[in-house]
Each structure stands twice: as structure tokens, then as C-alpha cells.
Amino acid sequence: MALITFMSDFGENDHYVSAVKAKMLAIDPELIIVDISHDITPFDITHGSFVLKSVFRDFPQGTIHLVAVNTLDEDNNNYIIALIEGHYFIGADNGLISLVSEKDPETIIKLNNPDIEASVFPTRDILARNAAMLAGGAAVNDLGQVTGDFKRLLGRQLKATKKQISGNVIRVDHFGNAITNIDQEIFNILKKGRGFVVKFGREEIPNIHSTYASVDPGECFVVFNSNGLLEIGINKGSASELMGLSFDSPVVINFEEPAP
Amino acid sequence: MALITFMSDFGENDHYVSAVKAKMLAIDPELIIVDISHDITPFDITHGSFVLKSVFRDFPQGTIHLVAVNTLDEDNNNYIIALIEGHYFIGADNGLISLVSEKDPETIIKLNNPDIEASVFPTRDILARNAAMLAGGAAVNDLGQVTGDFKRLLGRQLKATKKQISGNVIRVDHFGNAITNIDQEIFNILKKGRGFVVKFGREEIPNIHSTYASVDPGECFVVFNSNGLLEIGINKGSASELMGLSFDSPVVINFEEPAP
Amino acid sequence: MALITFMSDFGENDHYVSAVKAKMLAIDPELIIVDISHDITPFDITHGSFVLKSVFRDFPQGTIHLVAVNTLDEDNNNYIIALIEGHYFIGADNGLISLVSEKDPETIIKLNNPDIEASVFPTRDILARNAAMLAGGAAVNDLGQVTGDFKRLLGRQLKATKKQISGNVIRVDHFGNAITNIDQEIFNILKKGRGFVVKFGREEIPNIHSTYASVDPGECFVVFNSNGLLEIGINKGSASELMGLSFDSPVVINFEEPAP
């Protein structure tokens, strides 16, 4: 049976998370439900999509990802299942799901559900049931109508030239590390054996470290993290607090001129 | 096998929650344990009972709800199992369980346990074992003596007349929404097609919205939530912060005079 | 199949915890994974070892405890499995595991893994796989080389004489209770029927209470907790806030002179 993951902005001190799980387990108590996080900043699609994008590929293909962040939007009668890179994403059509992958969905289903207009808790009343049915073997096409498109949002884009990669902090994590949208692959393509300097705030770092502990405690490190994104931190400290890095802060890599 | 839910005021950064689960899983590793919340405000029976009352009916009948909020009271040698609306509640006899339903328990069992007086961690040492045994098929009557009554507390009561419903905020949730004890059923009975105004703080709202997103971001909404309770909030904002609503704040609905 | 527990300093609002679980469930979706806590203070081996030491014996023998606190140290290519008191502990060789028991490990295995040097997320890339394989029945000796020793740290030691036990607060818990390293067994051996006074801050308490509720709300209690450690608190209040007790605060028990 497929795994179900569950991510929300519901927090941990209300009944909302368990109400959704209860509805799924009432359909099949053997379902395996893995929490991604329920501490997504309320209504923050950017935070939610970053977390889900960072982890969904670690789950087996066929996993069902139940997404409940900012679920009650103006268009709150649009709920979808999108099949992307072999994973099912089920949630409100608010753009979050469009941010988890650069690849186009293989299928998008608009859930048909007579209760949709009536519910003020659609994650419990609509999404939970559909997720449980999908995990139980229902064909995704039986849960709604195939639709051509879904709401698409654009993530923070990188600017890259032969001289410079210009990016931004897209997430400050639990440790105060600042994760950027600068991708290791693009860096490797552009570098071509040249020297470079990573610039952010008042810092200029002339190299990228191999691990978080390549520098002494209290010193600044720059690594490509486990998702291949440039990450800035302070060993045993908080880069966010100590260097003022926050969401959207600019981070630039300047390459040396090639030898003439 | 019956599901077990687990709610406590133990927090997330100690060993208390996992110690209780360990004891249950040591009896049967196949038990399915669903966390309701472990971030109930310490000792706060009102918070705990609100959360449990809001969600227990979403679980299948026969579910066992392990409740550990303010478990160490003066009378800490009274531990009970109450069967209410087809659900088992197991916890200290401190009144919390009496608040989860208006219906009388079908059965109340006082746990008999030689270790009760000795334990300073009864949730782990007494409740966990009994919950696991009940889930494993033990008859509830074998776990203690049937008793006629348990500690009863009274929730915040509504005052309702033909002219007015007068209630209170009974919970401010993770989103800063203020949930009241004003029930949709009573409202519908009293309304009789008349106009009305909902009053709280300095606000007067002449209607009840159908969803959280019926108003623009930053505007105040009033809805009946998924549990049929009147809820006041600000779309994408915090009603608690912005309008000063907190636990116990008065909320009143005044009905128009009927046509003469 | 053996249970897996999981404790980390990863926090709850990133993808780190679920990435590790995903890797384990991808190997075997039937694995039973129990969270101990993911809110261990970042990098805090003392906090982590206290929590794990307090709870591991509540799990069945053979349980696998996946430990991820301060995993990325200078020596971040040393990952081990230690078999202690019939439990498997898998994590970085940073000393945390040495603090969970006074007993010597029965076996210590240094994981051999070609990816170890390359990974910046070894808990996901190395530890998760090995934990899942161990739970699935792999022999621990097949996962690496037996090694003679591991990094050993020394916990805060007690000074005990016939006249006095001198200890420290080793943890302030979620309720603000101050847990010390003063052990009930040593206390019982030294007491020999004599009177005594427990001293901390400006307080002098001439007895040890049997339960947390032996004193009135707002009053100070001193109990031996469920792990046999002396614990100081305020009934329904926070000893940490109200009496200024914090990590490392001295706590002393002075015994009366024996009758001449």
C-alpha cells in the first residue's frame, strides 16, 4: 500500500492534524501516514513548497503527499491531485504544488465532490478521504475530472551569466542556516576551473567548503547542501542571527575573468 | 485492533511522550497510536478537553483515547476508563473527561492497580498498560471496578433568550482565530428568519459568512466552523492579536425584534 | 521486527526529520518508527543524552535507537552502532551514546560506508539505511568493523560523603521542573535513618515528598522522579522561573550528624 505524507500549517496544539488523520484511519486503520511538518508558517506557500520539494523524492514513487497550507483561499472549491515525477500531490489548487518540481505534471485531476462548497474544513472533509482512497488502490481518474492545467506560481529565479550567479536566500532553517536558490549544477557548468568569491552581507568567501564542520565553531561556512543548493551558515551558530541573513537576502558568486 | 489516541501536556522536548509509547509498544508493537497533541498548555484541562471534544468523533467507535493533562492532582490515585458515545477515555479522574461530551458515560471503571499509590509517572506506569490491554481485546470490566460516577466539571455555559445569545471565546487557535461556545443549532432555532448582529470588542458584524475566505485578507470573518461553533477571525491575520480577543472574551448575538 | 526510535536536533519545521524517515520507509514501509524528540537543543549532546538515557529502557530489548544530535562534528566520518544493555544505538561517534549508560557497550561497530566522506546529510544518507537494515534482520557485524572503543564523555559527577551529597541540575524540563543528578539509591545508602535538608538557591527543604501534588499549588516540592533522580519543582508552577534554577545549578543534601 502506498505511503501517505502529510504537511500542513495547522500547528501542534489544536485538533486539526489529528482530525485529518482520524478521517483517513477510519477508512483504513492500516494506512501509513508520515508527518512532513505541521509547523509550516501559516498561509506560507513558499515555506511549504520549499520543504516538500526538498523531501518528496526521498519517498518511494507512488507516495501520496497530502498538502494543507493556505488551503482556504478565495477559490477554495478547487482541489486537485497532480501526478508529478511519479508522486501524487493532493491539495488546494493554490500554486503550492506547482512549485515542488520544474517538471510538468503527468496528470492533473480536479476532485469532484458534492461537499466541496459546503465544507469549512476541506482538508478533513475532502482531501483526507481522497488520499485514503488513492492509497487503498482507487484509480486517480475515478476521483475527479482530468483537467489541462493548475495554478502555476514561479519560484525566485536565479540570474546566471559567465561572470556571475546572482541568487537569494529562499529559506532560513531551524539551525539558522541560510539556504539559497544557487544550484550546484549551474555553478559547476559556469565555474570552468576559475576562482570565485561568494558575496553576501559584508562577507566575501573565496571557496566552498565540503562539509559544515570544515570551519571552526563560530566561523562561517558555505556548502552545497544535500539538495545541491548553496547554503551559508556558522558552525554551531546561527547565520541568520549573526550575519543578518533572512528570506530573500541577495547572495552572489563572482567568477574570475578567464585567463586571456 | 482498536486505535489508541494520545493527548498530553508533556511537550515535545522531554522523554515523557516516548516513555508512554514505549510501554504500550512493549506490550504490542503493532498498536496504532495517533498523537492528538502534546502541546496542551500545562495543567490546562479546559484546553485539553476542548481539543479532545473537537476531534474524538472523527475516530472510529471503539477508539481508546489516552488523556494525560494535569494527571498529577491531589487525588492522583484515581484513574478511570469512561465509555462515552462508543469511545473509551482513559486518564486521571480530574474532570477533563467529563467535559468532552454532554452525554452521560455508558460505563465508568475505576482502575484497580496495586502500583497506583507508588508511581510518580502514572501515565507511563498505569494508563499506558491499561490502554494497551484494552486495545488488545481485554474487557474493560476486567481492568477495574465499575463505579457510579466520576468528577464532573461544567464548561462555560451559553445564555440564550429569544432576543440574544450571549457566549464567550473558549479557545484561541494556532491561527489566532477565536472559537466561541455559540452553537449553530441554537442559533438556527432562535434566528427564525430575523436579522441579527454579532458583537465582540468594538465590532458589530451583521452577518455570518459561509467560509473563512468570504472576506478580503485583513478583514474580519465570522463563520460557523467545522464543529458547528461560531468562530471569529481575520483572513490571513490573527483575530487574537488584532482585535484583542482572548480566552473568555464575551461574544453576543442580538436578534432584531420580530415584525409586530 | 525491531522498533526504531528516532531522536534529533532537527526541529519540526524543516524536511530533515521526514527525509530520514523516508529513506528508512523506502527500504521497508512496515518499519515502526517512534519519535523520541526532534526538539533537542541544537548541538546539545547533554540534552540529547539525558532524554535518551531517561527512556531507552522503556523500549523492548533489541530496539534500535537512531540518534542525530550534533551529527556533523569535526570527525564527521565516524559513525557507529553500539550495543548497550541489549539496545542498539546508531549515530555519530561524538560522545552522546557514551552518556546513555554507565555500562560498557557489549559491541561497538564502526560503520563502513563508501559514501561517508561525501555526505553532508549523513543521518539520511548513512544512518537511516543502516538502521533500517538492522531492523530488517541484518547482523550488526555485517554493517562495519568491530572496534575496541568509542568517544567517551563524562556526565556531571556527584560528590557524596557521609555528611553530604552535592549534585547539580542536569535538566530543566517542559514544566520548569529542575532534575538533578542526585540518585535515590545513593541517597538511601547514605541516609541511614537520619534527618536531612535539601538546599538549593535560598531554599532549605527538610524532607522529600512522595508525589508532585504532596504540596499545595504554588508550593515547592522535592521528589525522586520516575527515573530515581531528585527533582525540584513548584506544583502548577515553574521552579526554573520562580526559583532561578537552571542547568548546572548546585543542589546539596546535608545529613544530620549521627547520634553520638
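Of note:
Order of writing sets the labels: A, B and C. Residues in every chain begin at 1.
The definition used in the following text is that contacts are C-beta pairs under 8 Å (C-beta built on N, C-alpha and C of every residue); 3 or more make two chains touch, one makes a residue touch a chain.
Quick caveat, the model's predicted, so the values are computed rather than measured.
The two copies, chain A and chain B, are related by a rotation of 120°, based on C-alpha atoms and rounded to the nearest 5.
Where chain A touches chain C, the two copies mostly use different residue numbers: shared numbers make up under half of all numbers in play.
Distance between chain A and chain C, defined via averaged C-alpha coordinates, is recorded as 33 Å.
Shown for chain B are the residues that touch two or more other chains, namely 12. Note for the complex: chain A touches chain B at residues 10-19, 21-23, 25-26, 29, 42-43, 72-74, 76, 119-121, 124-125.
Those residues of chain B lying in contact with chain A across their complex are 1, 3, 5, 12, 32, 34-41, 47, 51-52, 54-55, 58-60, 173-175, 210-213, 223-226, 236.
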